[in-house]
Every structure is written in C-alpha cells, then in structure tokens.
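Note that the chains are named A, B, C and D in the order they appear, and that numbering of residues resets to 1 at the start of each chain.
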Amino acid sequence: MSDVRLLADPFDPARELAAFTAARPEAGGVVSFLGQVRAGGGVEALELQHYGPLTLPAMQDLAGRVRGRWDLDGLLVIHRSGVMMPGDPIVLVAAAARHRRDAFAAADFAMDHLKSESWFWKREKADGEWRWIEPRDQDFEDIARWG
Amino acid sequence: MSDVRLLADPFDPARELAAFTAARPEAGGVVSFLGQVRAGGGVEALELQHYGPLTLPAMQDLAGRVRGRWDLDGLLVIHRSGVMMPGDPIVLVAAAARHRRDAFAAADFAMDHLKSESWFWKREKADGEWRWIEPRDQDFEDIARWG
Amino acid sequence: MAINLVFLGRLEDAAGGGSRTIPLVPSIDAVLDGLEPGLASALRGPRVKLAVNGILLQDKDAPVLKDGDEIAFLPPVSGG
Amino acid sequence: MAINLVFLGRLEDAAGGGSRTIPLVPSIDAVLDGLEPGLASALRGPRVKLAVNGILLQDKDAPVLKDGDEIAFLPPVSGG
C-alpha cells in the first residue's frame, strides 16, 4: 500500500524513487516531488522539529486520504526531521498511477497538505543565529484549492 | 537552460533526475514525471517512431514555451524512440523551481503537450502482432485545460 | 506523581527547553498557573494547540490530569 | 533528379516500407497520382499532414518540388 516514513537521517531520493518505480511496473506513470534545502539566500542550516505522537500518524492519515481520493498503484511519502544543510533532501512524495492525471493530482495534493498541516516546526540558521519560521499565507491558499 | 533529449537507447531515470537535481541547489523543489511501458495487459513491446526533422525541434520548442510561462531553475525533457519492453522508461520530465506550484504546473503542462502534440507514432506488440495506436480523446481534453 | 510538559517550536525557547517534568496538578489551568507568567502567557496564545498523551484537545476540553500524562504545547506549524 | 518520400506510422504499412525514392515530378499532386491508388488514397486522408524538407505544409500550400526534396506523410500522432 503506502510507504510513509519520518526519517531522522539523510536519505537518497534517487534510490528511493528508483525502488518505488521498479516495484510498480503496472503503473504507466510516476509523479514525484522532491523538496530540498535551498542553497543561497544566506541560510546555513535548517531544522525540522516533530512531535512523535502526532507527526507520523498524521502523515499516515494524509496518505490514506490521498489513496481514497485517487486511483493509485502506490504512494511514497518520506520526510526528514532534524538538522539539514543546503542541498539536503527534506521531503520526497511519489505517486504511481495508471493514469497520468491521477498521479499529478495525488502528488500535488499530498504536498499541499504536508506543507500546511503537518506537525513540523522549522527553524533556520543565518548569520549564526537560529530563527523559528512562522506559517506562510501561501500554504493556506494552496490547500484551499482542493475544496 | 533546458536539457531536451531524444534517445534511441535506454536511459536511467534515477541517475538523470539525481544529476538534474544536484545541479540546481538553489531550487526548493523538483517535480518529475516518469512514464514507463506498462507491464500486464498483454503488451509485449512498444515502438515509438519519430521523424528526425520535426520531433526533436518540436520538443525544444515546447521546452521554450514552458520556460516562458513559468519561472523555473531548470527543465529536463528526455524521450525515448525505438522499441521498448514492459518496465522500460519512455519519458522523463523534470521541472526545478523556487516555488512548488511553478514546478508542478510546468511538468504537468509539458507532459500534456508532449503526449498530444509530439511527433511520435506508437505501435504495440500483443500476441506477436504489431498494431499502430490511434490518438486518444483524453489527450485533447488534457491539453484544453491550459487555455 | 508527575506530568510531563513538551514545548514545540518557538515555545521551546520561551520555556528554556523542550520539555519539563512538574508535580501532578488536576487541570491544565492549574499547570499554567504554576509556570512563570511569561511562559504561561505564551502557552495561552490563541493559536497554540494542546495535545494530552498524543490526542489533540478540542476547544472546550478540560481533561482531568493523572500521573504520567504528557501535555504538548503546539504553536502553528511552519509550512513550506 | 529524384525526391524522397517518408511514410510515418500506419502509412508505413500502407506503403510497404518507411521510405521510397521516386523520380522528380513538379507537384505533390503529381507525386500522389504516380503512386498505387490504395496508397494515394491513404496519403490523401483528411488527417494526414505533410512536411517538405522538415517544414509542415499549411492547407493551401502547393510547393514546386525540386531535386532532392523530402516529403513526409504524417498521420495523427498517437498520444499517451
């Protein structure tokens, strides 16, 4: 069914995506989103804090909603916690489906909801100082698209 | 800028995507679509025929339109021609962008237009017989979404 | 007889640490009344949600606390 | 003095091969008139597009052919 993971250590998105795809030869298409820590802009490090009793269960619940809404051959959700450096992968979502539209919509929906609803608190280090990041209005607009 | 390739031989989508992503550390997100020859359904092989003077130039033109419409850090379009077996990659599109929405829309648009407009003729082998595939109405509906 | 408090995100800074063990008191109001006023005020912020033993509280919930309970104070998540 | 014809997709089956070299004639109508009737009929199909030397012809184009030209007959592309 769905493969949902919350990882404290770095992961290799290319290897994860290759394994996910190889296991689903019946899917015509796989859409993936990879989010990474942006280089440039002065951010030296990023930390994502999670809360064990809530964060992974909510990610699993989201995966279940995605599976209920679109006809998928597979869904992969991997999210990092802890301290990451520029260029490090943060999140990988992949949706495999017989029909391309389903795979795009499922990955897009999963990302919008992961970003706006997931139990992660983020802080960034710049000029040697850590600073907590507040929610962005854009996230609420993104999620409102899905009705 | 854009990396647009028409390949007669198999390619490794995981390696291509990893190289594309690694070269764009300033992009916050990368959306990819991988299309592969579906296993099951009785298709033994698939052949994509192209016409040299038209096919790659039209793919490059499409990439230019995508770049003009969304603010991207990079765009990758790789398409196979020739004979492929179930599980073989057919097409890989990846869009890297600072903003997630741009990356999703660009990859989605590129796929809709590649599928409906590209100069490829497809035939499938089933029960030992090759059969040419006619256009599907779905492709015209997909492309109409973009106005 | 104790309960555990967990402070997420910026509330960790306000509390001076990610968690704290305090003696058992019967209600969340009693927990807040026993903390430093600045911290209590931050925890009472309108956008701070609470979870007891991993279950999110609804607006009107006023659970009776018992030994070993964990109360998490959750500021808005950071998003994209 | 010759021109090259290229048949894509199902038109390859109709022509019995992917390409064919024929003696130069001045127009596309003359090319079609010189082919087997069944093939000419398939190439005249309403959804078949033509390219001369890699340039797509518009509806009303009637180019004058010259030595070495390549005419490609393009049935609808197959899509997804």
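Keep in mind that, in the parts below, a residue touches a chain if its C-beta (ideal position, glycine included) is under 8 Å from a C-beta of that chain, and two chains touch if they have at least 3 such contacts.
Quantities reported herein were computed from a predicted structural model and do not represent experimental measurements.
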| item | value |
| --- | --- |
| Greatest separation from subunit A - chain, by CA centre | D |
| Whole-Å separation of chain centres (CA-atom averages), subunit B against subunit C | 50 |
| Rounded Å distance between subunit A and subunit C, as computed from the means of their C-alpha atoms | 27 |
| Distance from subunit D to subunit C - Cα centre to Cα centre, in angstrom | 77 |
| Shared-contact residues (touching 2 or more other chains) in subunit D | 80 |
| Junction residues of subunit A, two or more chains touched | 100, 115, 142 |
| Set of all touching chain pairs, with the criterion as stated earlier | A-B, A-C, B-D |
| Sites on subunit B touched by subunit A in the complex | 13-15, 17-18, 21-22, 25-36, 38-40, 86-87, 98, 100-101, 103-104, 107-108, 111, 115, 142 |
| Residues on subunit B engaged by subunit D in the complex (per definition of touch) | 49, 51-54, 57, 115-123, 132-136, 138-139, 142 |
| Subunit A-touching residues of subunit C, taken from the complex the two chains share | 6, 8-10, 12-13, 51, 53-54, 56, 70, 72, 74-80 |
